[in-house]
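These are the structures, in structure tokens.
Next come two complexes built around chain A: one with chain B, the other with chain C.
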Partner chain A sequence: MAKIIGDKLQSLPKYWLFAILFLVTSIPLFHPLSVPTPPDDGSADLYAHLMQVPAGSTILLASDWTNSTRGDSKGQFVAIIKILADRKLKAAIYSTADAQAPRVARDTIAEINAVRVKNGQPPYSQWNDWVSLGFYPSAEGQLSSIATDLRKAFASKTEQNPATGEQQDVFESPVLQKIYKLSDCALSFTITASKTSDLTVERLLHKTPLVLMVTGVMGPQTQNYYYSGQIVGLAIGVKGAYDLETLMAKGLNVPGGIVSTKIPASAPPLSNQTDVQSIGTLFYPPLQFALWLLIIMVVIGNVGMALSKMGAQSK
Partner chain B sequence: MNPGMQDFLNAWYPLIKLSAGVFGTVGLYSVLYKENKFYRFVEHLYLGLAGGYSMIALWTETLDDTWYSKMVGKAATHADAAVPGMWAYAILLPIGAMGYFVFSKKHNWIAKIPIGIILGLYAGQQVQAWWNHYGPQINKCMQPIFPTTLASFTVPSKVGLSPAQVTAINQNIYPSQALSNLIFVATILCVLSYFLFSFELKSKFFKGMTRTGRLALMIGFGAIFGSTVLMRFTLLIDRMYFICIEWFKQGILHMR
Partner chain C sequence: MEFLAQTDPGFWFGQPETMDLRIKVIGCLVFGFVLLAVLLNVPSRWRKYIVGAITFFAGLFWILQFFWPQPLHRSPTDLPANPKEVVSFWLDDAVPVVSDFTSILTAMLTLLGIFSLLRVHLGRLFKMQKDWAFSLVLAIAFVCQATFSLWDYYDRKANPQITAGHGWHIQNYMSDLLFDGMVQQFEAAMFSMIAFYILSAAYRAFRVRSPEASVLLGAALIVMLSYMGVVTQWDGFVKSMAGSNQFLLNFQLSVIRSWIKDFVQTPSIMGIEFGIGIGTISMGLRLWLSLEKTGNI
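Take a look at the complex of A and B:
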């Protein structure tokens, strides 16, 4: 009897498992839930550093992700752009990972702007608030150029100035006109799904404070950079996006906000709370359900195996 | 295009675009049932689209600005003066094209020239790159394992303290930190001992160390595998979001 039950538990039809997985990952999307989880140290540090940057400063933003890792990276990118827009910080966006990445970044900012305009907020405008510096196929070469001479690294890039309607040098834009070297940028962000995180640390270390935002699978290897002090902030996967959205809504170490015993800095929530919670908040509960399903199935499989062995031994 | 057709496209294009995405998503996930022609078709469609899109993106995002425009120069505009063309950039084209001789059995030596240049540049940078990558991590491995204060077992909270008070706390090693550092240093030594292949470790102590190192590595690999599963789930959730919310709820039902 034990063997029969054990064998059945080990041979549950995989189509049913897939169907349950599809259900547990899609139903919570219609009914968003909240998961009480404290932010990781890296996410809290990232938020604190970004909120301390003086208004009007420029950050260098490597957008090295495409739709293939949209689940992990888009939430991080959206959170960062919302903070930059709220804090009136400027961003110079480039990519060294994928030719599709600049277009994906532009489309995502357009989506954010559509919501901002609908909510009566000013759009985060190209040329005045951010510029797209394009894609560079050799990450090693381009990052070395950025570290050596930022102006030469992006020389000849042009964008349309909405005031004149002309294509103009990006260094004439409000974003880059006061930037001469990498240390003039307040922070360097890399949102990546590839090894450009490693290359960024190797090439840009000590030139300006670095922040990495990586996919879930890259989390363990990237934590080394954070704990050794090579980077000042780290967001991992959809949890990183969830942490940032939580901090954007509540603030860090402020009255009524998230309390971190390890990160002493304090940072207020965003001044405009409209549409703060987004992809991270939406995706985190289904992820918990999927992980619980996985754990339950592993337990059922192991119980089945144990029962089968017990049944075989009793014969 | 006649106005009626234009209106039709304006009204339906967003839904047609989303539906094409749903078609592709369902097609790719159909491999979960079994290998089938629908899956194969969508897979080839995706590869073709990605290849074609990347070629265009490479031109518009990279080559046009950083190579072609520099080579041919720019006419004067209201905002900027004319920029003369720098035709020396034309030399880069044959050098780059030499890389494609790797496909020729007879002339593949030509491909070694640009590859050699790239390797030379890369090797020169690697010394500093290696140190930037691993140097601070090696430095951080030297952790104090003895406490410097017994005022509190754990590190006191730094929230709301002055910078001087925070510095005072940071300068001390509390017993919980010392314990944590001891575990950290012991783990590193055990893992490193696992990779000592130059000579045989005969003593029980060293055998125990290598065994502990192997166990620590297995725990680390387990954590990495867990992260991999976590990310795959996130990608699935994103596809479910695309189908359930972006396509069905917002595209079909027009709900927000």
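Take a look at the complex of A and C:
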């Protein structure tokens, strides 16, 4: 009897598993839940550093993701753009990993702006607040060029100035007009689902403080850069996006906010709390449900194996 | 030596969408094809030396750029004071131009990939070989995506109000449908399917069959649980039970996870990465010095 039950527990049809996974990950999308987990140190450090950047500063933002990893990367990108817009920081966005990435970034900012305008907030506008510096197929070469001479690395790039309606050099825009070298940028962010995280550390280290935002599977190997102090902040996967949204809502080491014993810096919550919690908050509970299911199924498989062995021995 | 290291925007820089740049692009393309034709007609015993020399000098540039002392806080009016600084300044000025070369070469590789893909699939389509229907889908998708995307791009440049969402035409709707409505959603769907296979594989393969597998399973469970809401409840329970007993505080899930990450996972990955780094250097040296004999030149 034990063997029969054990064998059955070990051989559940895979389509049942797929159906259960589909169901359990869909439920939290329709009934939003909150998951009480403390933010990772890397996320808290990232938030603290970004909130300390003086208003009006420019950050260099490598948007090296597409919708294939939107579960992880889109939440991170949206959180960063919302913080930049709230803090009146400017962003120079470029891509070295995927030719689709610049358009994906542009579309995502348009989505954020549609919500901001609906909520009565000013849009995060192209040319005045951010510029798109395009896609460069050779990440190694372009990053070396950025580290050596930022102006030549993006020479001849133009964008439309909405005030004049004409194409102008991006270095005439409010975003880049005071930027001559990489160290003029307050921070360098890389939101990536590929090896450009490694290349960024190799090429841009010591030129400006670096922040990496990577997918969940890249987390363990990227942590080395954070632990060694080579990067000043690290967000990993959808948990990183969730952490940032939590910090944006509550602040870090401030009264009523998130308390971190390892990160001594304090940072207030965002001044405008409208629509602060979005993709990370929405996607993190389904991940929790999927992990619970994974644990349960592994336990069931092992119980089945134990029962089968017991049954075989009793015979 | 000024050839690559031009301090002012010179020959290698062109303003976009100007006749000057178009002439340079066409000229370089013609030059490239001529060079390729010459290379293909060179006797094979010489060809490997030519390719080897080009590889060596291309690699030498980046090695020098990495290892040679770089100028610090250099201003545009600074002049090199000694031979070491001459090389240093030259490398500094040449990097943007050479990195543009690498970008162009990488883009050409994409073109080569497209050419190769189309040659295989159009050949299969015209000969009506097995699975020709898939090749037809690929050809139609390629033509539609390229046509509507380029049309949309030039339309947006001429009419900026399109980007703001006004005055859309067929090319804008089609580009939006093909890129945002299809390609991006297909990518997301393809990657999300991995979750189903991970669950199925974990259920079937993650068994406690040996001490090693038990340790692996235990560590995985602790790390997964520590990322869940359960961590706050368990840690709170341990803190309340431990009181002033520092040893018992070690049984908090977050503390165990930190120990696993800091003392097991990170050092292991560092070791693996170090090994990969040494292997990469070894392979890079073989390629740079043309010691790698695989493949025909």
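Assume the second predicted complex is superposed on the first by the 315 of 315 C-alpha atoms of A that agree within 3 Å, B and C clash if a C-alpha of one lies under 4 Å from a C-alpha of the other, contacts with A are read in each partner's own complex, and residues count from 1 in each chain.
The definition used in the following text is that contacts are C-beta pairs under 8 Å (C-beta built on N, C-alpha and C of every residue); 3 or more make two chains touch, one makes a residue touch a chain.
All of these numbers come straight from a predicted model, not from anything done at the bench.
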item: Superposed partners chain B and chain C on chain A - clash or fit; value: clash
item: Touched partner set for A:Leu89, first chain B, second chain C, both or neither; value: neither
item: First (chain B), second (chain C), both or neither touched by A:Gln100; value: both
item: Partner chain in contact with A:Ala62 - chain B first, chain C second, else both or neither; value: neither
item: First (chain B), second (chain C), both or neither touched by A:Val259; value: first
item: First, second, both or neither for A:Gly71, with chain B first and chain C second; value: both
item: Which of chain B and chain C A:Leu291 touches, first, second, both or neither; value: both
item: Of chain B and chain C, the chain that contacts the larger number of chain A residues; value: B
item: Chain B versus chain C as contact partner of A:Asn161, first or second or both or neither; value: first
item: First, second, both or neither for A:Asp149, with chain B first and chain C second; value: second
item: First (chain B), second (chain C), both or neither touched by A:Leu21; value: both
item: Superposed model, chain C segment overlapping chain B, candidates 24-32, 78-86, 96-104 or 222-230; value: 24-32
item: Chain C-contacting residues of chain A that also contact chain B; value: 14, 18, 21, 25, 69-71, 100, 103, 136-138, 140-141, 144, 156, 158, 220-221, 224, 227, 290-291, 294
item: Of chain A, residues touching chain C in the complex; value: 10, 12, 14, 17-18, 21, 25, 35-38, 66-71, 100, 103-104, 107, 136-138, 140-142, 144-145, 148-149, 152-153, 155-156, 158, 160, 162, 165, 220-221, 223-224, 227, 239, 288, 290-295, 297-298, 300-302, 305
item: Contact footprint of chain A on chain C as seen in their complex; value: 9, 13-16, 62, 65, 92-93, 95-96, 98-103, 105-107, 110, 160, 179-180, 183-185, 187-188, 190-192, 195-196, 198-200, 202-204, 206-209, 217, 221, 224-225, 227-229, 231-232, 254, 261-262, 265-266, 269-270, 273
item: Residues of chain A touching chain B in the complex; value: 14-15, 18, 21-22, 25-26, 29-30, 69-72, 74, 95, 98-100, 102-103, 134-138, 140-141, 144, 156-158, 161, 164, 166-169, 172, 198-199, 201-203, 205-206, 215-221, 224-225, 227-230, 237-238, 253, 259-262, 264, 266, 282-283, 286-287, 290-291, 294
item: Touch list for chain B against partner chain A, complex; value: 32-33, 50, 53-54, 57-58, 61-62, 65-66, 69-70, 77-80, 118, 121-122, 125, 128-130, 132-133, 136-137, 139-140, 155, 157-161, 166, 220, 223-224, 227-231, 233-241, 243-245, 249
